[in-house]
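Take a look at the structures listed below.
Across the two complexes that follow, chain A remains constant while its partner is chain B and subsequently chain C.
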Partner chain A sequence: MTTARMLASARPRRLARLCGRGDLGLRLGLLLLAVLVLIGLVGPLLLPDPNATAAGQSLLPPGPDHLFGTDRYGRDLLARTVAAIRLDLVLGIGVAVAAMLLGSLLGAVAGYLGGIVDEVVMRFTDALLAFPGFVLALMVVAFTGNSLVFMAVGVTIGSMPHFIRLSRARALSERELDYIPASKLAGSGSGGIIFGHIMPNTIGAPLIQTTVTAGWAILDIAALSFLGVGVQPPTAEWGTMISEGYSEILTGKWWPAFFPGLFMLIAVLAFQLIGDGLSKWKNS
Partner chain B sequence: MTRYLLRRLLSSAITIAVMAVLVFFASRVLPGDPAVIRAGNDATPELIARIRAEHGLDLPLYEQFFHYVGGLLHGDLGTSVRTGNPVSADLLTFLPATLELSLLAFVVAVLIGVTVGTVAAARAGQWPDAVARGFTAVGGSMPSFWLALMAIFVLVYSLGLFPSPVGRLPLGTSAPPRHTGFLTIDALIAGDGALATSALAQLALPALLLGMLSSIALARITRTAMIDALSASHTRAARGLNLGRRHILLQEGFRNALPTIITSMGFVAGHLIAGNIIVEQIFSWPGIGRYLSTAISQSDLDVVQGFVIVVGVSYVLINLVVDLLYVVSDPRIDLRRAG
Partner chain C sequence: MSLLAVDDLDLRIARSGQTLLRDVTVSIERGSIVGLVGESGSGKSMFSLALMGLLPDGVEVSAGTAEVAGRPIFRGASRSYDTAVRDRIALVSQNPRAALNPTMRIGKQMVRVLRQRRRMGKIQARDEARELLRKVGISDPLRVERAYPHQLSGGMCQRVVIAMALSVQAPVLIADEPTTGLDVTIQAQILLLLKELMADGDRAVLMVTHDLAVVSSMCDQVIILYGGQVMEVGPTQDIFHDPVHPYTRFLLESLEDHVPSADDIGDRVTESSVDFSLAGCRFAKRCPFSTDLCHREPPLARRSGTRTVNCHHRGVS
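Entry: the complex of A and B
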């Protein structure tokens, strides 16, 4: 108990120290994410309507009136790029958290119960791992028809296998610890042990993996939208916007595709840096 | 070795079987009616009913399942609504374009990944390492389609270094007689050097991009494995014996990191497959990736199903080969003890 309490008090201090002067990557990642979130929250209040079209303002290059220029329909690209922050971040984080919760639960159940349950879950996971996550998501969207919800479900399923493996491995070692039989003696059922002991004690690594997964989810979602099966126009979403800028590139108009992609790169990079920094902290 | 091989083959076969079942249920049980999706926007109830009957979608689920499995065992992946051909035949037609692109991209990925990882490990903590880590961090966060579009703008549109992204050959050029399906090689067989050069020029930019994007995981893993090997006690002993930088880097470092590096080739293959779908779309490359994205936009579901199965099976087989290479590359692995 005392060790646990020491750990509980030491960890936040170590994390604070790490954020304060330690890992440059983690600090940069947190800063980038904070700036993005701030722009995403405040920006839309100050900027014009992202879907407002303007005749005669088509494809204006970046300038004082339109910092990021305008697209084919005369829509302000700064307003659209900023409006997309909310949608893309919410989708990316939502998908990653859902994949983490479902995957860790499946992994913990498989690892703790073992036997036939473990065998079935792991075969299923192996089969899912036999596809790159993106192909899996693409398949789900293709079979369910275009909708935002099923795209999110598809990317979630594609991101789940890593979490299953990660938390199963932890659960396998956790269930060998002495307190588990003690808890059984005290009358806990399997459900109680899985939710009360195994999951809380094994969730660390999956939580860190969640940040990196959020970044990958944003990439996958945008790639699906780019192929025309995810978020549908005229919704402002980075992948859809880049897709709309595709034909403009060939005539030398780079800005409709450039700015949304730059924001997406920053968002994914932020999650990646945070994830790397956190796993360094956990292993230190 | 034989026992290990048999066991790995068996487990691969089980994975493939589970995968095929998964794909079947994904296409039938997920809440989307294949007949309705296929019928499109202006579907009449009669049209939907006809599609259902044509594709056997009105049969009970278990009968559909047996038809599907029976078909798979005969190599029948269904029929494309758009082209009217069997999906397997279409995939075979489009496969060489994808393979030609992927193989070149694979070479690029291995060259970049292993070099970046090795240099970073040899100079760990110094500026080359910092550059390498910046490269993998940014590269791993890069939206592939965005990078491709920007590369087209800068390298094709502005600087004119590469030809336009119009597919495997410049517009108005006809393909050489088909032997291997690889246009560069077929052109050489036909004795047309100019044609081979222009095919290679078309191939260069997409292969470079795809290879660079797929090299990230490899670079990261190479770096970690090399650092581990270079800080192991055998390396310290070699340093003590003054065996020279070259020996230490190659024999103590690279040779010991090799099994881990080989294992990560599976990741590279995964990236290549996913990246292909996007890159082929952008470069109008007539491979199976583009065949798939066209099929998805037209709800050609048999094609989606066939593609997913073919990709899944090849991915499982690639990983099987990678696992075997791992065993071969590390003489310390004792399979008798591993079981």
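Entry: the complex of A and C
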């Protein structure tokens, strides 16, 4: 067998080993996420319209007709919770990936160029770190306007500092390796070195951090929506659903807030487990 | 004509004013291999970094001139590095694995260089890369170009690095301890390969090393460096058979196959670290023959024929 063919077959095998024989947490996380994605993809096709109200059916407890019960307006909670999967996962993952790309790029540029660029970027990062990401997102929305896009931008900015630090630290050690000066000598400019050499070699840790960040981002987004920032009712979203349902808990009607909360928990747990599992695997 | 001509080059730390290299003069003819020998901290790496414009922050060229293939390397009053000369210098570095990007296939790395330096098209560059791999003794370039550096042995990686250095067709090649990271049998192969490749005599090679055995088998000329100061320069044969400078003698006496004799100076050389702020000869503190003059003033180069000795007391007879 030629090496080339061995290479080609090594990749799927490695992935299989990662999923199959990886540690329990990683497998559980991947399983949870897969189930969530599957429900999110297929569920809305089978379930009723999440925004369809029904008079006289408000606040029905979970039962055979409505598995998760109904909310104050008689909307089916199962349909709403499932419909929210798409929005929350896409937002969470989108925000995490955007923060990873921007943060790693900034970090790699700062680490590689050093000097004044490094100073400016790192002081900017310190300033960002002084605020919790959540508060920062709130500020961005307050300054720019209450919309989904600006909320996503806010959470992205709030999630960036970790990526900047991570990738700067890796870039600092990477730029000392011989192939960087060799590449300079061979005529590469700073841009070519950052994108061709520094980024591909420093992206490992930020990639793993992305999964954990996706979990946090979902929490942040839900928390903001809970406060009425970003996603607006009647859009089905876990945060807004909890915010609509939490007052019913006082009267013993726990289900309008419980089920979206449960799904949120599962989503965040899945990302956290995957992140932990991946970093364990990378360091082993 | 000298392809690489460095004249009285001084390097110094900008903040403290310490001189790291003092009056280093090097001249390499087309077709010759010159060994730059010195122990750790002698400034040999600094010297090659200066030629490539890769000096660390805070180290600057404070005096002297340098030319590569007729073009000045340092320009203006501040002696800033002219990056345009980089296409005339190629590097084979000490650690072949670190010299290759671990996340990029060999073929792609080579093609990148060829496209940047030789303005080749994609297909042309790929063919040229295969040709170069064959030239450095890799019998199955199709496999190697698809491999990542970690899938190749150290010797193979060094062959790839040499192929990349050849690919830019630079007149000056700097080989910075090209065999240090390899085991002995591979060392011999790589040295043989380098010698073969340089046999066409188109280039000038600066071989930076601390390995005297490598020097004696590879180089036409040797420059002995100690504490940032050139001690002795001359044809390899002459230096090895008739060392003049006390430091050179001391160095050769330290070799395993040295036959002890009555006029050895090894026992009389004292231990002392290099003092870079010293005004006089850098070796003065250790030298058994040093006098007040040695401590006070830097030695002048005494030339005689092909040899140069920087010592107050020992000229070439």
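Just so it is clear, the second predicted complex is superposed on the first by the 266 of 284 C-alpha atoms of A that agree within 3 Å, B and C clash if a C-alpha of one lies under 4 Å from a C-alpha of the other, contacts with A are read in each partner's own complex, and residues count from 1 in each chain.
Note that a contact is a pair of C-beta atoms (placed from the backbone, for glycine too) under 8 Å apart; a residue touches a chain by one contact, two chains touch by 3 or more.
The shown structure was predicted, so the numbers you read here are calculated from the model rather than taken from an experiment.
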| item | value |
| --- | --- |
| Simultaneous placement of chain C and chain B on chain A, clash or fit | fit |
| Angular separation of chain B and chain C about chain A, which is computed from CA centres of the superposed model and rounded to the nearest 10 ° | 100 |
| Chain B versus chain C as contact partner of A:Leu177, first or second or both or neither | second |
| Which of chain B and chain C A:Gln232 touches, first, second, both or neither | neither |
| Touching partner for A:Ser188 - first (chain B), second (chain C), both, neither | second |
| First, second, both or neither for A:Ile242, with chain B first and chain C second | first |
| Touching partner for A:Trp254 - first (chain B), second (chain C), both, neither | first |
| Touched partner set for A:Asn51, first chain B, second chain C, both or neither | neither |
| Chain A: partner with more touched residues, chain B or chain C | B |
| Chain B versus chain C as contact partner of A:Pro200, first or second or both or neither | second |
| Overlay on chain A, chain C to chain B nearest C-alpha distance, Å | 17 |
| Doubly contacted residues of chain A, that is, touched by chain B and again by chain C | none |
| Chain A to chain B touching residues, read off their complex | 25, 123-124, 126-128, 130-135, 138-145, 150, 215, 219, 222-223, 226-229, 238-239, 242-243, 245-246, 249-250, 252, 254, 257-258, 261, 264-265, 268-269, 271-273, 276 |
| Residues of chain C touching chain A in the complex | 52, 54, 57, 86-87, 89-91, 93-95, 98-104, 112-113, 116-117, 142-143, 146-147, 151, 161, 164, 168 |
| Chain B to chain A touching residues, read off their complex | 11, 14-16, 18-19, 22-23, 26-27, 30-32, 34, 36-37, 137-138, 140-147, 149-150, 152-153, 157-158, 164, 270-271, 273-274, 277-278, 281-282, 292-293, 295-297, 299, 301, 304, 308, 311-312, 315-316 |
| Contacting residues of chain A [partner chain C, same complex] | 2-4, 7, 114, 177-179, 181-188, 192, 196-197, 200-201 |
